[in-house]
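This structure is in structure tokens; I'll ask about it shortly.
When the chains are written out, they are named A, B and C in that same order, and each has its own residue count from 1.
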Amino acid sequence: MTKPLVVFDKVQKHFGNFVAVKELDFEIREGEFLAIMGPSGCGKTTTLRMLAGLEAPSIGEIRLNGQVMNDVAPHERDTPLVWQSLALFPFLTARENVEFGLKMRGVDKAERKERAFKWLDKMGILEFENRHISTLSGGQKQRVALARSLVMEPQILLLDEPLSALDAHLVIRMQAVLTDLQRELGITFVYVTHSQSEAFAMADRVIIMGKGEIGQIGTPKEIYRAPANQFVAEFVGRNNILAGKVKSVDGGTARITTPSGEFTVPTNEVNLVEDHNASFVISADLVHIATEEPDGGNKAYCKLISEEFVGSMVTLFLEDAQGHEFKVQMQERELSKFDLHSGDEIWLSWDTQSAHVLNES
Amino acid sequence: MKQSRSLNFILGIYVVLIFAFVFAPIIFSMIFSFNSQRFPTIPLGEFSTEWYAKVLADPDIWKAARNSLIVSCSTAVIATFLGFCTAYSDFRYNFRFKGPYLALILLPPTIPLIIMALAMLAWLAMLAWLSKIGMSGQLYSIIIAHSVLTAPFAMAVIRLRLNQMDPDLESAAWNLGGSEWQTMRHVIIPFCKPAIFSSLFLTAAVSFDEFAVSWFVSGLNSTLPVVVLEIVQGNIDPQVNAIGTFVFLTSMTLVVLAQLFFASRQIKGIQS
Amino acid sequence: MSSNPEQRPNLYALTWRLPIIFWQLIFFVGPVLFMVAMSFFLVKNYRMTEAFEFVNWSRMLTRGFFWDSYWYTIGIATLSTVCAMCIAFPAAFALAFRASESTRRWAIFLLIIPFFTSYLVRTFSWFVILSESGVVNAMLGYVGLGPYTMLNTNFGTLVGYMTLTLPLVVILQTVTMANIDKNLIEAARNLGCSPLRTIWQVIIPLSKTGLIIAAIFCFILSFGDFVAPFYLGGSQEPTLPILILDTTKSGQQWPRAAVVAIMMMVTLFAIAFTGIALAYRKGKGAK
């Protein structure tokens, strides 16, 4: 069903002595919405620029449709990019901006006009076609930038944090526009962002990057529920990370001793060795609270430190006697049944299967 | 911040005095150009246009004006071209010896004109002697000298404009299929147009009034400032005021036109 | 930018990078180097011949008149710089801190106008205005003063230098001071600094770089100008530029003129170098 459109094969990027990208090995599938996510400086934008040909890999190959692209100049590629700053040409009108790429490719005037018309209309900005860029609002400029890239009808569209300059309410709307667009056109989108909510809301697959390396590749759900390593676990989502030593391994489960107590975790095909260090993760929304001590092995007695409300969801920050921080996420209406105050003590518990052991890398 | 009003008043007067000092010679020159007295003083003589008549009737002055025009226009084009090349190279590329490279174009204004005049005179005479081409005393020797002198200003003006450009703009053009040459033609140059015009005008203006190097290098083919210099060396001659006023009004008209041109484009929302 | 420094420049890059190199090497570096070489040439029977002799140097540097002129030029140029910087300062201060943004921009625009007028014509104008029976003396005569001799004096020369340098110095000082962080000034006032102390201890140190650069430009301009001392200073001691003028135009002694020119350049270079080192030194101004 899905064949690789782009392959990054042992790609590294050095800037003098600085290693921006350590080693990238991954594929981009045709027709997918792929997000590359990570903190500032993780190499995600460099990766995108290498795909566009604006940087050349120091080591390794990038292949598009099987063809090695390393020496192909940016203007010879078909990888239009929607820039973070939008990079619209200020001395041209909206229409002229949209027609620019076609003009560079030698498309004749009549056809340019027609295709620009189609895309300006599609993005809902046809009325602004003859206006100069400086007179447009942020959202309108965003649409011009999209139209300018999409009019090229490319196989793959690159987007570098395109929504970072927009107001919050516009961001939500544009996210919907982008997802619908991608689904309708079937174009491969490669979307770089530092925002987890954006990546998880829009993408089919997500690549988490940190310090020039790939932390994990997977669907949003896989990454959230089963982070592959410490970096991804800490970067993504609200979850609890407990670290300790393996006490015993028994088939599909293991017991791990931590300062906060002894817990049972599923091994999940991770090779756990007795007496070795191990960490595991429990998502905050899989932790239950109770006033009475629950049965079962995985529990902790904690004091409530603070609460954080985001609409109907609330995150509780708690601390156990050893000072380890726990997070619990639940619906506000559930929490109100407990009448909890800061300083109160309460029991936390979770099912064994909710825990996820991390692969130490 | 409390500001004492009397202090502000005094400062205001002071600024006006400074401007009076700066503009006094200009204004007086214009007044004197219409004054009948050969040696103007107060009380002023009668209103007279005889100096203008004299100037307009002198074929040497017309020839010099024509030479000045040729020189300043040519200088403007060459200096702006050189300035653009250097500004773009500085903007886009990092290379070894970039420091000395920039010093090469930026140093000339730090050397007093009279020294440049001497050096140019000797060098061009030597080149002429070597190649048997008469270089000194020809207009193109002045054009060459002036372009060296004014290129730094062109470079500065255009470089400042490039600073205002979104650093991704050039990459965006490549990304959309524009080759480096196409991008230069369709993106960089259109973006720099205001600065290119400013530079053309600025370098022309500087060249038009430059007399030291022209005087040394021009020989028989004088430019207008050289004619002025020669008149002034002789004795007091109010014709100089008439010439000065002409030149001043021409320059100012061009400045005003340039400003209006760019202001109107801004109103139409064309500028970035 | 978007180019790798490791890559070799392609034709496109070279097309833009090379023109200035060729042009300046041939028409700037060449002339200057030739002038240095020329200082060792000989002039026999009004013809210059290639040589490598030190006679021009020894002739010039052992003559009293050269050193008189040298120190006089340094002195008057320094005086000019001090005057211009002091005269400009209150005006620049007013424009930077008391004027509105648009007033400031208009003022700077007006100050650029003199650059489009002929410096020669302005000097000639001053000659007429300052002469014994000129405008100034006539006006002073009405109130029973004068007449004063202003031409052919150092005063005349200074008036000429001010005409040349004042617009530029005012502009540079204004722009420098207008760009310093206003918060720092307010903080100083807030901490009890009197206005005068604020100027001395806060504003000037913060503007140090720009002010020194303005002074350097002013010095270079004054040092190298021959018009002001020649037409307005008259019978005073000749300055070095006038020496070059005389030696070239009347004497045809280009090699000797070259010696003077080189001495000027070395001096200017030393002063500019010292000035810039001072301007960019991270001194005790780091508050």
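Here is the rule we go by: contacts are C-beta pairs under 8 Å (C-beta built on N, C-alpha and C of every residue); 3 or more make two chains touch, one makes a residue touch a chain.
For reference, the UniProt names are A = Spermidine/putrescine transport system ATP-binding protein; C = Spermidine/putrescine transport system permease protein.
Keep in mind the model is a prediction, meaning the values are calculated, not measured.
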item	value
Distance-maximising chain from subunit B - centres being C-alpha averages	A
Middle chain, criterion being Cα centroid separation	B
Whole-Å separation of chain centres (CA-atom averages), subunit A against subunit C	59
Centroid distance [mean C-alpha coordinates] between subunit B and subunit A, Å	56
Gap in Å, rounded to a whole number, between the CA centres of subunit C and subunit B	18
Set of subunit A residues in contact with two or more other chains	54
Multi-chain contact residues (two or more partners), subunit B	171, 180
Residues of subunit C engaged with two or more neighbouring chains	2
Contacting residues of subunit C [partner subunit B, same complex]	1-3, 5, 9-10, 12-13, 15-17, 19-21, 23-25, 27-32, 34-35, 38, 87-88, 90-91, 93-95, 98, 107, 110-111, 113-129, 131, 133-135, 138-139, 162-163, 166-167, 170, 186, 189, 220-221, 223-226, 231, 241, 244-245, 248, 254, 257-258, 261, 264-265, 268, 272
For the subunit B and subunit A complex, residues of the former touching the latter	166, 168-169, 171-180, 182-183, 186-187, 190-191, 193, 269-272
Subunit C-facing residues of subunit B, complex	1, 3, 8, 11-12, 14-15, 18-19, 21-26, 28-29, 32, 39-43, 81-82, 85-86, 88-89, 91-95, 101, 104-105, 107-108, 110-116, 118-124, 126, 144-145, 147-148, 151, 167, 170-171, 180-181, 184, 205-206, 209, 211-212, 216, 225, 228-229, 232, 236, 240-241, 243-244, 247-248, 251-252, 255
Residue ranges of subunit A touching subunit B (in the complex, touch as defined)	52-54, 73-75, 79-81, 83-85, 87, 89-91, 100-101, 103-105, 131-135, 148-149, 152
